Amino acid sequence: MEVSNLLIPAVLFFALGFVAQGVKSDLKFPPDLAKALSIYLLIGIGLKGGIELAHADLGHALHAVAAALVLGFGLPLVAYAILLAGRLDKLNASAIAAHYGSVSAGTFLTAIAYLEAQQIEFESYPVIMLAIMESPAIIVGLLLARISRRGRGDEDARENHMGELLRDAFTNGSVILLLGAMVIGVVVEPESLATITPFYKVLFMGVLSLFLLEMGMEAGKRIAEFGRAGVFLISFGVAMPLIGAAAGIAVGHAWLGFGEGGVLLVAVLGASASYIAVPPAMRLAVPEANPSYYLTLSLGVTFPFNVLVGIPFYHYAIRHLLA
Amino acid sequence: MIPTHRMKLINIVANAALEERLSDIAEAHAASGYTVLDARGAGSAGLQTGVLEGGSNILFMLIVPEAKLDEVLADIEKLMKRGHHLAAFITDTQVLRREKFNA
Amino acid sequence: MEVSNLLIPAVLFFALGFVAQGVKSDLKFPPDLAKALSIYLLIGIGLKGGIELAHADLGHALHAVAAALVLGFGLPLVAYAILLAGRLDKLNASAIAAHYGSVSAGTFLTAIAYLEAQQIEFESYPVIMLAIMESPAIIVGLLLARISRRGRGDEDARENHMGELLRDAFTNGSVILLLGAMVIGVVVEPESLATITPFYKVLFMGVLSLFLLEMGMEAGKRIAEFGRAGVFLISFGVAMPLIGAAAGIAVGHAWLGFGEGGVLLVAVLGASASYIAVPPAMRLAVPEANPSYYLTLSLGVTFPFNVLVGIPFYHYAIRHLLA
Amino acid sequence: MIPTHRMKLINIVANAALEERLSDIAEAHAASGYTVLDARGAGSAGLQTGVLEGGSNILFMLIVPEAKLDEVLADIEKLMKRGHHLAAFITDTQVLRREKFNA
Amino acid sequence: MIPTHRMKLINIVANAALEERLSDIAEAHAASGYTVLDARGAGSAGLQTGVLEGGSNILFMLIVPEAKLDEVLADIEKLMKRGHHLAAFITDTQVLRREKFNA
Amino acid sequence: MEVSNLLIPAVLFFALGFVAQGVKSDLKFPPDLAKALSIYLLIGIGLKGGIELAHADLGHALHAVAAALVLGFGLPLVAYAILLAGRLDKLNASAIAAHYGSVSAGTFLTAIAYLEAQQIEFESYPVIMLAIMESPAIIVGLLLARISRRGRGDEDARENHMGELLRDAFTNGSVILLLGAMVIGVVVEPESLATITPFYKVLFMGVLSLFLLEMGMEAGKRIAEFGRAGVFLISFGVAMPLIGAAAGIAVGHAWLGFGEGGVLLVAVLGASASYIAVPPAMRLAVPEANPSYYLTLSLGVTFPFNVLVGIPFYHYAIRHLLA
């Protein structure tokens, strides 16, 4: 594996943002720019997934969905167990766990850019899995928090009404964008879709690079909060992606039988933690948890780790496994 | 001289995800309206850069007649009891046109 | 007319936003994004119009302009009469009437996407008419409001000074963008224009889809205000576009002699109501009117009606008329 | 101890289209300046989501010496009389450097 | 009745480039946090349209116990002495949960 | 030189914005749009420079860098001397001088559009010079201000600590974006860069036109502040670009031996004044200066002068010089 594999725009722009923050540059991004870019990226992935879903094998697709549900429901439980073992209180553990069951679209797209730069083929199903994996993690987080609250007697109708709890998980903004765009990608005729692909497809990697530049800065800002999080949580932020990647590799290889590229993408789904969809959901669902913990872990530790170290490392491991 | 009328301005700085909850409170107490501004900052919940939704604040402003102050604060207290991270502070203010703020 | 005609990105993204709001999703758009997108879209239409105007037949162009003025000055009067008949006060009637004399670029562009998806040809003159139709409606609204105020003796120099009144109508932001871009499209040499077309032309339909997604959400938010508007106004919001479309069809077919596509676009010019250019103009010109009425009608009722039902229906009617 | 000086902070929440009118008022009364923030909200004019210009609010802040308060309020009253939808509220405030606010 | 506690709300309107300096001051005095809003306006430094960084304002809000007011104002005075163009004004406010604002 | 040379999108969009402001249009741009566009443009120039730097002649490149340093350090001193001669106080003189040693990317790009419209070749080195010239000017401004303050005894550790002073100059947001993107352009393999060029290259001139539209409005707003600046400063805003252009022509022609196109670009580097990178830097480094002066001069006087009059005039002069 040559170094040049890592010298791709996605990774370098992320690094640039990270460095800019490190040298205390006065570089500022309009706060709303990242929000606009992530909306664009989610629609772009959704369309891509839908177009591929249109002529995908239903059997395989269902297996991929099932695998996504297993990872989405399973990983948070693993994370929760580890966090409790580390003596973290149950509510913070619930909120953090939810982030690790979900995924980071930015990391996933970096992995795609990484594969494309090396002309490595990959299956399309992981894109579908990405859209599926937001909701289960949120639901598990909600349920874990509910259980943790038991007997504290400060139950609250609104927060804990099961119906609304599920609604919030499925009407999450990111989920709506991913699934909605996916449906549009499925139902619209190719020639009609062609009118919007110059915008959503041709520009995609360029927009991603700009998004990652800003995320690099955001990740850099979080380093100042490491102290607050403490050694145990910071190390969890590095260890959990390794566990998630291992689970992803097992699922992608043994169960779904994907090739090198597809397995890497599933590994990244398992390894990455959400910093866009899940944090606002946890704000409402587990208000008692401290957002500084879960934002610092998912955005400040796990995200840079996956982008700069994890992806090539998982790839290296997969190569050896398949060889 | 233009007549002005004493009222209470309730300010709440909280995560953007709470906007709907707060406007529901304003409605529940039949406030004449409310004002929301996007904000960033830092506090016990950590740094809020305003870049990601999970780290974006709003400043929610609600003007109410003094008679209504306590019932509204009670609802805000409920949010805080539930664990929500927010800063709430009340200021005396003089409004033009009392009737606009239904008092 | 097959259903697939309606399954175009423009319509589906609008529907997605509308649904997202309906299911109370926490999906949020940065408030400034829609403003940026509409600036882009207005420049894009203007350039398109200018490029076509450059090699358009002057005679036809003048007829189109005349027709635009007739619709722009006439339709608000019709709307005003209907609203007064419905016992609405004169000032609210004036403000609402202005919106229906003007046009919705979003609706117009959806109609173009609708035609292109079916490979139906259309004349270029309606684009010019679009740019013309903003101002007259604003002027009529201003004049109607002035008359309504007569004798109320609370005249105000600034609001009612005829000169400034006209200036505001012609220097309206949307008018400046449309006409300015149109002039640029006319005077710049093709090879020089080619440097900016990848941005303004190739991306256009994609940007439109993103804009309509957000407008769908905005329209959805307005439904909560239906009660405030009342049954009469809501039904006016459905009836008036039908009248406007009929007028547009008559003008486009009988006067301008356009084909199926061109007539549909003129119908949409007549049927649609402004929610970008006119509301701020009425805020200053008819401050007494309640913005909740005219925004709810143009954005919450007429816009969705035209995009989801009106366009295919007008098209269907035109087909029968021409057959 | 740092000296501070009592002044009046006039807050106005109105549609963005009124920004120029309000800054004209500030100038007309020789205020040392003004501050504008983008806002959204709800009130008698309905929901202001801040997405479309016709439905976007601003929070206009104007600090004036007490002596000037009434003449400024008179101009704001004029706007309201003319029918403009806006919320105006005045707060006591202590400024650093009286001379900055030309008093 | 919900208990509230008297504190001071320090407001500073300055160029966006000063944000880091101001948050440093908040930290230096162990404030529980701070809030920042983007703003535009006009003053002795001229028109601040908010379009270019050199012409963009922020409204920096800092709530402190009265005991801390003076030391914080001293630091702001330093900034002004150094020539920085900013408007600073302090308002009395009543906060919910005194302990949140570490007093 | 035919008029059609000036009728290029870049110039016309700037003029449109300027006119819109002149007629007091209510056209509004979201404040953050310009910030987002300028981030995009700086990255775009940086990448362009890096790609060209990759296969540039090192010798020539070093000469270009040296020339950029000479202009960057020299021009502010000239400006400072003139301003003091005009009886301006030293601190305002220092801050203004820094702006004229630095450059305006918007003006530079307009010159590139102007050359491309006439199919005039130009060297790639000026792009590198652009990235170099931000920092020296800032440093000179800082040093001049320090000297001016001598003996005023209100020294402040933080503002005047040499280390931080230099750090601020080199970690300036614009510098980071330009140099960072340049490095990325150098190290990334062509086929990998190709994934982001549709975004950063193909759209570039279109995005520039939108940016210049907003800058035209900003420039227009500044006219109201001319009175405050006074006759001397306003005339300085027209005279200084002429001096800077002359210096640039001398350097570009006599020293660097560029052709017609390259010389024009160096002239524009000399003639233009920064309104993005330097103002925030001076806010911190020379807080005593009045921002209204330097913003009005660089943005309200020198920028429109260069875009509307300067570029074609410098070009005309260069033609005669080379003939």
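First chain written, first letter: the chains are A, B, C, D, E and F, and each begins at residue 1.
Please note the rule applied: contacts are C-beta pairs under 8 Å (C-beta built on N, C-alpha and C of every residue); 3 or more make two chains touch, one makes a residue touch a chain.
Just so we're clear, the structure is a prediction, and the values are computed from it rather than from any experiment.
Following the contact convention of this document, A, C, D, E is the list of chains adjacent to both subunit B and subunit F.
Of all chains, the one whose CA centroid is most distant from that of subunit E is C. Judged by contacting C-beta pairs, the busier of the interfaces A-B and D-F is A-B. Same interface as A-B, judged by over half of the contact pairs sharing residue numbers, among the pairs A-E, D-F or E-F: E-F.
For subunit A, the chain whose average C-alpha position is most distant is D.
Separation between the centroids of subunit D and subunit E, computed from CA atoms only, is 19 Å. Distance between chain centres (mean CA atoms), subunit A to subunit D: 44 Å.
Once the centre of each chain is set as its mean CA position, subunit C and subunit F turn out to be 40 Å apart. Note: centroid distance subunit C to subunit D, computed from Cα atoms, is 33 Å.
Subunit A has residues 26, 28-29, 31-32, 35, 173, 203, 280 in contact with two or more other chains.
Residue positions 16-17, 37-38, 40, 44, 53, 91-92 of subunit D each touch two or more of the other chains.
Across the whole structure, chains are in contact as follows: A-B, A-C, A-E, A-F, B-C, B-D, B-E, C-D, C-F, D-E, D-F, E-F. If you check the complex, the residues on subunit D that touch subunit B are 11, 13, 37-44, 57, 59, 70, 73-74, 76-77, 80, 87-92. Contacts from subunit E toward subunit F in the complex involve residues 15-18, 21, 38, 40, 44-47, 49-56, 78-79, 81-85.
Across the interface of their complex, subunit C is touched by residues 16-17, 20, 53 of subunit B.
By the touch criterion stated above, subunit C contacts subunit B in their complex at residues 26, 28. On subunit F, the positions that touch subunit E within their shared complex are 29, 31, 34-35, 91, 154, 156, 159, 173, 214, 218, 221-222, 224-225, 228, 275-276, 278-280, 282-284, 286-292, 294-296, 299.
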